[in-house]
Amino acid sequence: MASFDRQGLMRHLGARISHIAPGRVHITLPARPEVTQQNGYFHAGATSAIADSAGGYAAFTLFPEGADILTVEYKINLLAPAAGDHIEAVGTVLKAGRTLTVCQLEVHGVQGDGSRTLVAQGQQTLIRVPPTDV
Amino acid sequence: MASFDRQGLMRHLGARISHIAPGRVHITLPARPEVTQQNGYFHAGATSAIADSAGGYAAFTLFPEGADILTVEYKINLLAPAAGDHIEAVGTVLKAGRTLTVCQLEVHGVQGDGSRTLVAQGQQTLIRVPPTDV
Amino acid sequence: MASFDRQGLMRHLGARISHIAPGRVHITLPARPEVTQQNGYFHAGATSAIADSAGGYAAFTLFPEGADILTVEYKINLLAPAAGDHIEAVGTVLKAGRTLTVCQLEVHGVQGDGSRTLVAQGQQTLIRVPPTDV
Amino acid sequence: MASFDRQGLMRHLGARISHIAPGRVHITLPARPEVTQQNGYFHAGATSAIADSAGGYAAFTLFPEGADILTVEYKINLLAPAAGDHIEAVGTVLKAGRTLTVCQLEVHGVQGDGSRTLVAQGQQTLIRVPPTDV
């Protein structure tokens, strides 16, 4: 997505969109020292950042080209230390309304052998704004 | 703080602790392309990351050396586009308990002339864990 | 407020508006067996219900007659067992926008001698809808 | 459950546990004027109260007799006007830990013909406390 490519933060972290379907987007972030907290796990800020983006782009898939989507708020529970070869955030639209969209957010730690652990789960509210209104 | 210096993400974003007092920590993040979203504002993920860290270190100030603090969950409302010369997150302990600590989180956009806008507010729950239990 | 008087739940719980100012509303709920949880404290559901209503009416004070306000979402931390002669919820508008309003919610346990304890704090998002759009 | 029967609020609202399985509890609340908001829908406070209780009892099913469970915090999105013959809250344990348990909360509006609408979804953190520590 052009919009994703313009997100300096996602590029700076090394995140990329790994799956797009209507109402669902996956974002993957490989492990590296630049995204850790003090104990070597993925930083909650990195985990949350890709979760938030996954939800935003999941909402984006349901709207016409040119619409813009802003995060109103989100809440995230960090369920387990985020470790692994990479983490994968899954954003899924729970309800798409005219003005507001609500997404469920999940982040999994994925080991080199493909085994997965749910490391975070959240819930997010987004608002659709006209392109010129941002 | 030694712990902060070990957080690869904070260093990678360019964040630094700008104020420490008992139960209150400020973290500052200068504007640069690496922390933006698609419209050039600070990315919600960057805003949240420093808010989360500010709350964590605010809790940290109230516990003996060697304790470790993990974020259980947080919720954040993004109130206005995060613009400015830099953003400043303020984490303040609302209640410190034996096991759980609750913090209030605020993030301000700060212009070159010092004027400030509240761009995000949140609430965070943290848990204190023995150093070896992480 | 006419709207409050039409809220069957608030009447059924025994809650009443105890203070109204622009952007701020207090709601008081006296202790009685009908609002308790299993240990005799105020039930989190009762605490949350008056917190949610206090935020909703705080937003209401800032809009013209006839507007309707719906809760989009809220998050609440229960900080201490809610005990006392009564509890008092304080809803304060943090940001009022054209479409969305964000409130801070606090609930205090108040003893017979007037001493107060913060028992819950939350954050709430509301949406303004045309009267006929509900 | 004995604990549920001691919850004055649940009895006062007219709520009852309609399903219990390990890690999952349903609570049902019939429509009546005592649980409404100003437009005749179920009040968000009633919706939230049974959601919170459903999560709490879902956690309860996984612990030995005598343990006590307190809500630390929850967040709930109100997705649609809560209407119907009754509403049903479903609390499901997402992660059960030694100290903290995280639940997902859903509330459905159920019509007389059995058709269901998701009216609220939330996420909740609970803490297990020794019986004497409450």
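Labels for the chains are A, B, C and D, by order of writing; each one numbers its residues from 1.
Note that in this section a contact is a pair of C-beta atoms (placed from the backbone, for glycine too) under 8 Å apart; a residue touches a chain by one contact, two chains touch by 3 or more.
These numbers were taken from a predicted model, which means no experiment stands behind them.
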- Message: By mean C-alpha position, what chain is farthest away from chain A?
- Response: C
- A-B, C-D or A-D - pair sharing over half of the B-C contact pairs: A-D
- What whole-Å value do you get for the distance between chain A and chain D if each is reduced to the mean of its CA atoms? 28
- Message: Between chain A and chain B, what distance separates the C-alpha centroids? Give it in angstrom.
- Response: 19
- Message: Need the CA-centroid distance for the pair chain B / chain D, whole Å please.
- Response: 32
- Where chain A touches two or more other chains at once, by residue number: 72-73, 75, 77, 102, 123, 125
- Item | Interface residues, chain C side, partner chain A - complex | 72-73, 75, 99-100, 102, 123, 125, 127
- Note on the structure: Per the touch rule above, chain D residues touching chain C in the complex are 3-4, 6-13, 32-39, 43-46, 48-50, 52-53, 68, 70-78, 81, 134
- For the chain C and chain B complex, residues of the former touching the latter: 75, 77, 79-80, 94-95, 102, 104, 118, 121-123, 125
